[in-house]
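What follows is chain A paired twice: with chain B in the first complex and chain C in the second.
Entry: the complex of A and B
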């Protein structure tokens, strides 16, 4: 019986294994390989050998020579990497804290709870491009944001807007879009916390804030760890939010101006112009950075997370 | 025994005898009254203060939640009213919260630029075929992982789960090369382009994980009973497990369909031809950011058309969507 089951099991798994071999495992190895190939052209499959230069090129350390002049790629080191890190550092903590407060608030009320819960989940079921375009209207120089805050005429995302302004608008949009998932996960975690802990805290005359920091957060730590890991990965990969909100990589009429580049934006641009070796190098570096961040979080969680 | 005091800081707690023990061995606990005294204020004032504090904190919680809910809902509201405004009103320095003239014509006009029926059709084709494919592969794999025994099961499952940590861009680069070199991306190669948008998404490790958890909850007795009845594994899977896991399968179906509706990056890469575009790509390319003065009324009418079907889906299947998504946070 064991043996009979054995080959049957592999038969059931065959579709998934074949598809993953073609579209997950082979690509993973192949992409790592391509990142070490000089001048790789995917249409012909040719390259001029093994090299580390792709990484140096992406980081702007090494130029390419054409017609006697050496040109360096500065967009990634100057814009894409700083922008990506700003997005990560600003939006991840901000969205986690706001989502946590909303979830704790929702968990403590009864009246109209499900109505509010539904509203808070709405951004999750929206199209990133469509809502990005709505935020573009809101951040118009004569738009709602400027009208409400009395800053009429300020350019946030239009041509001529400063990088800082565009980044601000982008972060507002990313946090707005990131909230619902986090609220839902936190709320389902909160509902599983035993009421006894809160009764104990009340007997000790612990205040609301103290209870939140010393009871709720530690008991919610598995969910917080999960959300931290997934949102770090997600915000390192921001791309369609920029496309939705700004529609192009820069806040200028000049097509070559890419002050709103992110790492993944660069990767997709490079694929489209047959520079997959640079795209692969950038993707591999991104993967390693994400891996390091994830491992650090697991390491820290060993002492902080209570299961 | 009249007073049982214990002191902590300024707080004083004791049990007051209000005749509970009078002349009797049996203590009437109902007549015992717990007295807490903090710096000489009586129970009544403390209770009153607690009540007031509770009301204030409840009001603050509601105020916070309502303000945040308004922030969440405002972009939706703004999208709808902007889609009904005239261009001059949209660009006026005094913004209005209700359109002065309701421009239903924005919707008719936006269809001239934004080919909604075409993109809708493309998205539904891609969405439905990739969803059905995913459901089939997911059911098979989840069944093998949950029910069958084979060597290397745990190792394989761990490897599958680990792939979820890898950024998709690593795969996208080679996958693009694969489909391009297979000649699937020609200008007029409808079958090739659609296959490229569908086939790579026939596998989802996350849904395999989700369904496996669900399959595992089905008691073993059912399996052995069907074995005794001489039913095959195949029969058991389709007659017992699939019907029992129907809520999870519906969740997967809807989430996957929503995924196709929202997917932008990969279709943008493979579908060059205007006629093969999916809804997000069609929306972005119909209203490019390089337009001199974008006609926001038409743009917002188009975004309403893209957003409303999803919101309707959400309203009708709220339970399935929220359960499917929320399940991720419960580590198993």
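Entry: the complex of A and C
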């Protein structure tokens, strides 16, 4: 019986499978292949053979010789990797904690709840580039941020602002933009928690903070794990926020200045200059890093996530 | 501790825009629950019994009325200050904590008061605070030059600096005129907690499951854990919300005996809510029958069964339920159809139609007195081992059929049958108010 009707199931799945095979699976496998090819040219599809040098080049271990001088790529090891890790380590925990607090707050009020929910969800439906442009205006040296906090004249993202300043502005922007989706997930998770757990905690004289840490967070742990994994992956792939906020890979007008590089920014840049083999190597390394992080999280979650 | 509910009312507001009227869940309830007793709140769903329980717990605020624990008015007191243990219907055990941690959780928040002692082990007498506040002008000579802190705030070390005789002022006296000692609030230590947890676990017989998570336990075990969690902080009142509804039939019998035993052993005033009359009758010292937020009757279970105040109570208690018939009263004589059932009704009762209720066990086969014979039709005989049940019909019966429980030795056949009626199992209710006449 089952075998007989199998072809029907495949037929229904065919459109998705074909599209995914062409636009997802093939590029995925091809990326792995290209990352091991020397001097791959995607316009002609030619290369000069198998090599590991692409990885070494991206990590700045091996230089490229042209006209008698050997030049090393330093942008990735000096800027892209540290920046990406800073973004991950700062924005992921911060946005999760803030989103959790806002979700708990929203869940505990009744009045104007739906209005506030809508307001908090607005950034999610707003384009990242558009939001980035607004933040760029806010963080101008004569912008709103400086006006409100009395730091007039400080350069955050332009005119050769320091990496720390630019990173601060970038993190504020990323956290703000990441909140709505997380709040939404947490809020739906909170609404599934039986009210009696809170009544029980109240009867046992547990304070607000204790209830949050001992009841809410553990019972929300499946959602927290989900959000953690997806935001770790998302943060490792951060790129559009830099484009949106700063518009270029560095804080100064100098074309070669790339102090706000991220790994994915480098990947896109490399593709643009027909260095697909370097881009592929970087992408593969990023993939492995994300994989390791995700595995660690699953491992940790086994003891921390309940159910 | 005695619990008194005075004119307790809870109204859930409706929505006038959507034409939803207000709901009076509990209406002017007056109950006194004696100290150390097990009381069952009994009623059909929606009768306000759970609402009453939650109001006693403090999770719902009464619209009006008062709740007294002993001579303390707790109506406006928040739940955590009332000292109650509540067992929820679905237990509400924290799924992420082991049984041990679940039981420990209430203890981690508990504050106990300890007398503060000096180095010789003597308790330190308490004085009125105003005198302590005035200390800087009365600093004992040996403390001159030292920074003086409020000894009541800073615990033992600060108090020890003071020789109490130097503190002028009136000592604090308790109700009996005894002098009180300085006390300090503190959390329980791990060892104290462990002792309490193990004691309580032993009481409900779950010592061997302490390391498990709730989802690794059966329903009955989960419930014991829930009871242990409620009991561990030694509450003044134990409240149980439908404690047996999530258990299977056999476990239910066993658990209800256990609840009774626990209650007797601990002597904690216990209130439990149920819609199952058998459950309520079997373990309660007293039951309160409720209907639409109004108390119908409160008494010992057997009294309520034998002497129901009105038709609702009579119909609600008893399995199989009481059989109702249309009857007629004339000059003190009760008839159903053409049969005279009783002749001892009050003579001053006007001639009128009434409802007659006869308990299933109130039939006599064969009829013992020739005068009071009730002619019924037997449709079916169900054998149940210990006794047999007749499914009969009668044209005046309110339901299409009724049931009579008889001794298994009784010989009966399907068809017309003349039965006797035991007067003490036969109740008469007025048609309009449904109040009982006799």
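Keep in mind that, in the parts below, the second predicted complex is superposed on the first by the 303 of 307 C-alpha atoms of A that agree within 3 Å, B and C clash if a C-alpha of one lies under 4 Å from a C-alpha of the other, contacts with A are read in each partner's own complex, and residues count from 1 in each chain.
Keep in mind that, in the parts below, contacts are C-beta pairs under 8 Å (C-beta built on N, C-alpha and C of every residue); 3 or more make two chains touch, one makes a residue touch a chain.
Note that the coordinates shown come from a computational prediction; the quantities given were computed from them, not determined experimentally.
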Next on the checklist: Tell me the contact category for A:12 with respect to chain B and chain C: first, second, both or neither.
Outcome noted: first
Next on the checklist: Just to be sure I read the superposition right, which of the two partners does A:276 touch: chain B = first, chain C = second, or both, or neither?
Outcome noted: first
Next on the checklist: Quick check on the superposed pair: does A:66 touch chain B, chain C, both, or neither? Answer first, second, both or neither.
Outcome noted: neither
Next on the checklist: Under the stated touch criterion, name the partner, chain B or chain C, that contacts more residues in chain A.
Outcome noted: B
Checklist entry - Which holds for A:194: it touches chain B only (first), chain C only (second), both, or neither? => result second
Checklist entry - For A:122, is the partner it touches chain B (first), chain C (second), both, or none of the two (neither)? => result first
Next on the checklist: For A:215 in the superposed arrangement: first (chain B), second (chain C), both or neither?
Outcome noted: second
Checklist entry - Who does A:203 touch here: chain B (first), chain C (second), both, or neither? => result second
Next on the checklist: Contact-wise, after the overlay, does A:303 reach chain B, chain C, both or neither (first, second, both, neither)?
Outcome noted: neither
Checklist entry - Between chain B and chain C, which residues of chain A are contacted by each of them? => result 205, 307
Next on the checklist: Which residues of chain A touch chain B once you look at their complex with the stated criterion?
Outcome noted: 2, 5-6, 8-10, 12-13, 15-16, 19-20, 22-28, 30-32, 34, 42-43, 45, 98, 101-102, 105-106, 108-109, 116, 118-131, 133-135, 137-138, 140, 142-144, 147, 152, 176, 179-181, 184-189, 192, 205, 208, 222-223, 226-227, 233, 236-237, 239-240, 243-244, 246-248, 264, 267-268, 271-272, 276, 279-280, 283-284, 286-287, 290-291, 294, 307
Checklist entry - Given the complex with chain A, which residues does chain C contribute to the contact? => result 57-59, 79-81, 84-86, 88, 90, 92, 94-97, 105-106, 108-110, 213, 229, 233
Item to check | In the complex with chain C, residue positions of chain A that touch it | outcome: 194, 196-197, 199-207, 210, 214-215, 218-219, 221, 306-307
Item to check | Sites on chain B touched by chain A in the complex | outcome: 11, 57-58, 61-62, 64-66, 68-69, 71-76, 78-79, 82, 90-95, 136-138, 140-141, 143-144, 148-151, 153, 156, 160, 163, 165-178, 180-181, 199-200, 202-203, 208, 233, 258, 261-262, 264-265, 268-269, 279-280, 283-284, 287-290, 296, 299-300, 303, 306-307, 310-311, 313-314, 318, 321-322, 325-326, 328-331
